[in-house]
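Next come two complexes, and both contain subunit A; in the first it sits with subunit B, in the second with subunit C.
Up next is the complex of A and B:
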């Protein structure tokens, strides 16, 4: 039939983007069954009609001619890089028969099952791990990167109450970004925050970016300050020193009443506790008595001084902090960070003055502290040998001026809410913030207080030896090499892996030889796939994954879950719905998971977990013995959460449900019935407990990071400078149009990357000149574990000791003909062993010594 | 309270372990009997005795306080709604689950 404008079937579907974890609201134009355009949905507060290049390009991923559209099995039992799996298409019955048989084989040893669930978020981020839990495995991970979340989530849950942090750009006048491109090139809620950042800057907010790479964020900043990688602890301690000891700018009432700054500490580094209640004690300046932190008569906690408590000399946490950071004068740390002392003093003074300590603001009739200054940090500061302590004192800079969860300060994402149900952070042990808030029920907070008890491992990732860490998957290439070294049995090694359609080979670990060894050590791997990427090459069974344009998800992104926009922007819930129907050979993974669970006899357990995770009310809970279409599940979920009137049909039509945020939900700290720390007393205890366990195992671990106040310690790359063959440090940075390695095969994204030199490595122009390297030269880039050809882009916008590498490129899978051979994989340069792992957070050190030569 | 199977034991409890606890107990399910009026706390005390410190240190963050990674359901209902550790057991199905932590990215 000849197609004309009048008979063209045209429709617009309101749904959510799926090209990264944010889940922006979009409107998809479908003409005659073909997606022809995508626009941002202006009614969705997550992105307010804005889109990024990735989202605009989504239908090129959907229409990728190399997409996996039917189950496949490998016919070549040999595995490894460069090995052709010999794929043949199979039926779903054969695929599931094979998977179930493999899981039946390890039924009595369920810890041999490993679920890698991060899936560029949707419901399967929750469904996949629940299958593993119901099966009985401890190895069910909802994390992928060897840096992401390693420090931010533990820190946030005990010092903010939420999952992540974000500067309050609505009121901020001074924002320092350290090792992050928040509001410019990265992070959730990306498109929302980009607009907030632009508005804040046009309002006059000063933006200071401290980063080895003068990238996208620096290009928008008032000031870019290059810093030597892995030296953020020194910078932060210097800023604390200037604030506390030189300028005497700090929020005294906040520190007294809302932190543990006044808690008394004995010679052993532990709180001095009340003999009867075991509660920490405080000196009350009003009556000169020492009393417990929760004593109703406590009026004026002493921030400074030494007090006799039953013969023990107790010093305040605040004094200990102030004394500790005095070691870090800007002149001292200049030699470490390369940031001039005068610059540190200036930005600290500007920050301290901008914080306007003591001022208040009235919002919606509620008087709140106003602290329009914040320091934000993320991936760049986390990915280090001492990643936790590289980050924590940066948070402390905000805390000492009271700029935490108040207007203008640093805010916690997803910490509290009153719609569709109530969630709120709560205090606990020692009166401190212990229980973070989260809208979803079914996972534990990745919190670091009070910490778990260290124990002899039975997890193959030795998570028991990291009692303060949030996830442990990063350790598997190391620990599976030699389980007996950690008290584990070779016989208990993981054998079966279920993975999501992301690409952990390029993004989850380091040294590619170790990654290959890890994956070839597994007897059976089944995974969902959009395309045959480097991870899929190791699969035994590949299952097709519906694209975000043909998929349903109740949870369509972190922006509506735990990484939403901060401040008083509306809460919103969106359901992802298909713009077009998938071919019949593609099934919704939720339905596949149910079938596998039923065949294994664990469907009831799976439902128990899902009902809890989603908080489904009794009448909407998944019922024993029934299998559900994905639409039935989502219909139950939305009606359970939002009432009968908000069925799936309602969301199909309207898609976006908004709810205004009250002041207390937006700015929780003044309403929080818990204190936040300036001194990490429990690190002392956990360090001692851990030492006893590692000693028993015969492990020679340096546990010096288990200390209550942060000290700077060098990464190996720092020590390597000038001592041997390496003279540069490679670091990674994010690009606003690339999310991990997901989407690299998209031709439009590839075009943007080509046009912006994203595939090139950045080298300081003066360094290049000295080495005889010109712009566009092909060079060898060599780390201690990997050597690769790269193309150089010379720039003045990079620290002279640094090589900058963006994105997650370096694809080699035959199923990725567009992206194959372009750019390099940064992670492949990283030594992967326990000497490069942060003993607090399990972060893999992401600054690596390299040399560049022709 | 005598928690071992005994003459006066009169409630039968089937315990199911999910998540990381199977690796500690080595069992997916366990049949136990308790005296009338026994609670979840009694059940956990009995399990601690049976499986030792490896169980106790993973389930409790301090005496009487469950680790935040632990979920317990009695007859399909979260114990939070039944009085927590004081929840009474009948002839019950008890699920003891160790959850992973949620950390993204």
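Up next is the complex of A and C:
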């Protein structure tokens, strides 16, 4: 017999992958009802026919015999790690009766309902939270992970206009990645950006990776620069100092006309405002007059100088920035970051020269600034006690050379579009960028500018005390421990939780003792599940979730929504459709949500929210009193967005709808009618307002991060190293074949992890030798809150003060026999309290002091 | 290099893979794409990406090296086969195994210097005795006790498609083509870039080339 594949009659389904949050276009081959192959769809401009290991491994997740296939209830009322829930299969009627009864019980206090909705793979990312909001709860959101977008979104909302940032690999000649493996091993539009990165490197773009761990990205870089964790502010301020004060490389016209660099600031750190209009003011060098930023006669804003404004001495934001960063000479910060001063000077010069300040490029007949250099950062820098200021000055490095949303620079994802409708970032308060652009409406991320008025909390996540943060749910394991500490009533505590089919026990929250306490404090938990993971162990009712090969989604991932490829690659929309029918005991979650809402009498409210979120035109809007099959909903959504001819049937057959992106949509900055900041004036005001509220509550909070310019401050792990109690800092890193804990139970991925030593912790070889630890040794890894056995891989590719921990492993749920007992859970090492929370962004510190011993 | 009279180099088509080590990111997509295409059993990888650390801190990095059968022009695994089960196709250089003729003697497994041949001793799936519907379909393509190996996706090549590992490679580190065609992408890359053949000194004339 030849080893060839038999030629059975087969059908090919064009759909979207669902093995991570990207949503690549795929073609699934089904032979006689069995899914037998999957390939990237070359017609989809997002992944261009490429697929990653996770997506290719989908069959094994789909055919996992341990999948949850029917509703279940626990029979053991006791909850905790290692407690057998005593699952019993039940009917859908019993499951929904129980859920509705529990929600009816808290009907008079709807804020006792919490919806943890991280389901970015599909539509339930919107449906789950809207159920909670329709019920009347403020505790509904998707971003409960303490690192997820904590700093990146606030920064991007007011300095880019989109949801995330990405280097423009089409034109970049010099790309610095700090604490991220963009284009190599992680992040959105993965398959797209990996190819763009490979092409950029092939044509000679220099890639510099600054990271404590020399992982996949560092290995592909021209230069890997190890940095001590949590010191990025110091590095960024040094780079700014070298650019502004030593090399004098900055984009003067850009700073004058497209930022607040020329706004005049008084002694109190606030803008000196025009008495009549309350607008910030600028000194015009052309006529020597001080005028408002929007004065039509403003011609040549002065970047430097001190100007008398009605008796007040006004200084420019630019001068304040330059003076501020002068404190951070590379020699000073070398002691903090461990990066040699000469290296900082060299890469800053290379970056500054590569930015080609003043040059332009003509694309499609439009002249645009060309700035082929960028600094990108993400998870590594933002997971920090001072996460916001650990990131913001890195963005500033791009801003001062004018490399924001122009060819070659750092671009905003999802910021603007003209198909199928128009969306665009807009200016607002003080002439500054205030309203980010988004293709979907009702996206639940709060803005960081101009921020909100701090107040005594009503929210159980004390979001009112974080007036500039985009997310707050991270705080629930901390705040629910003691609500009265924040002026909240013990009686108003959250009682009912609905969660998505994810694993926040391993993937989100920190200290496992606190997480267990949080989950056992809730009276009723129901969630959707693919497998019984560590989160599901705490459920009272488990509902089966269809696999990505079994379900429909209108919104099938982040790449077509707010985290798409940057630049002029075609916009595209894809719909996820089943390659194979699920067993009848698995229902589409959207249909379950409708039934729950109808039973609660809130179906109309749910529809109102969904009609707004999806921007459904009147004739396609969901109508009160009707329940819809998921297919009917999607058919309405696609026809509303793309016209009557683009029905669900059209998408079933063609699947991909493309539209070219014009220059102004791809490179928005030159067309933006708003300025972006170099000086965060509103931080001063918000800090003062917040101080008054926390003082009233009797909270002893350090609010020193509420300052307009970034200072480096040590986190607890940095101080602990100084005291000698601990000698290492543990950090987390990503692997290209692992996304969160999603694929961990997939046996193909597990085999790869075994082969690549992904389950081992990384320790610098010289450090291991000094400690008498050999490669493959079993050791204790101990943080202030958790102690765990780990296997060591000695490596040259890690900072000597660092322990590297990849993936989201360390499963212990009996429902995960393949991944159980392998690797460790990094998040379990993290002290989880307000002292370790960034008071700006709610990020939890992901640098943790540890010791490693046999 | 000494070539046999009927060596693959003299045939019309010589299929080969060029691996750009600068582009490979170690994402393991090829490893899993092969699993999805060919349904190989646990512990057996027709293709996989080896990782090797180079240098000393801080000038250290990992090299990612995708490996597979090299479909050598002078395959050492073929002449040692006592039954003729292992053979090289006449029309090109693909080294294949007739599973029905293989007696599982391991001669070829030992003869292959690239550890590219495998003999499964059972048909258990990844989830144990009860194999998945996917495995039930794919496991029909091989037999317990017989040699199996990378076919360079011969079933795809014969339909005019490229191997699954090459097709999916996100950074396009893998390139497939006819090495006998001077205009092919693989020939051009070898002409332009510094490269090596794995263990070339053994004389098998492997048809996988690594660009450095």
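As a convention for this text, the second predicted complex is superposed on the first by the 838 of 854 C-alpha atoms of A that agree within 3 Å, B and C clash if a C-alpha of one lies under 4 Å from a C-alpha of the other, contacts with A are read in each partner's own complex, and residues count from 1 in each chain.
Everything that follows uses one rule, which is that contacts are C-beta pairs under 8 Å (C-beta built on N, C-alpha and C of every residue); 3 or more make two chains touch, one makes a residue touch a chain.
This structure is a prediction, so every number in the text was calculated from the model and none was measured.
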Considering only touches as defined above, state whether A:320 meets subunit B (first), subunit C (second), both or neither. neither
Taking the superposition as given, does A:597 touch the first partner, subunit B, the second, subunit C, both, or neither? neither
A:458 contacts which: subunit B (first), subunit C (second), both, neither? first
Between subunit B and subunit C, which one contacts more residues of subunit A in the superposed model? C
Looking at A:761 after the superposition, I want to know if it touches subunit B, subunit C, both of them or none. Which is it: first, second, both, neither? neither
Name the contact category of A:68: first (subunit B only), second (subunit C only), both, or neither. neither
First (subunit B), second (subunit C), both or neither: which does A:31 touch? second
According to the stated criteria, A:60 is in contact with first (subunit B), second (subunit C), both, or neither; which is it? second
Thinking of the overlay built on chain A, is A:185 touched by subunit B (first), by subunit C (second), by both, or by neither? second
Which subunit A residues contact subunit B in one complex and subunit C in the other? none
What does subunit A use to touch subunit B in their complex? 21, 110-111, 118, 121, 125, 129, 133-134, 136-138, 140-145, 148-150, 153, 163, 429, 435, 438, 440, 442-447, 450, 452-453, 455-456, 458-459, 470-471, 558, 562-563, 605, 608-609, 612
Subunit A residues touching subunit C - in the complex, by the definition given at the top: 1-6, 31, 33-40, 49-54, 56-57, 59-60, 63-65, 184-185, 190-191, 194-195, 197-198, 201-202, 214-216, 218-221, 224-226, 736-737, 747-749, 751-752, 755-757, 764-766, 795-798, 800
Which residues of subunit C touch subunit A once you look at their complex with the stated criterion? 22-23, 25-29, 31-33, 35-37, 42-43, 45, 48, 51, 53, 55-58, 60-64, 96-100, 126-127, 130, 132-138, 140-143, 148, 151, 154-155, 158, 164, 167-173
Which of the residues in subunit B end up touching subunit A in this complex? 16-24, 28, 53-54, 57-58, 61-62, 67-69, 71, 73, 76, 78, 95, 97-105
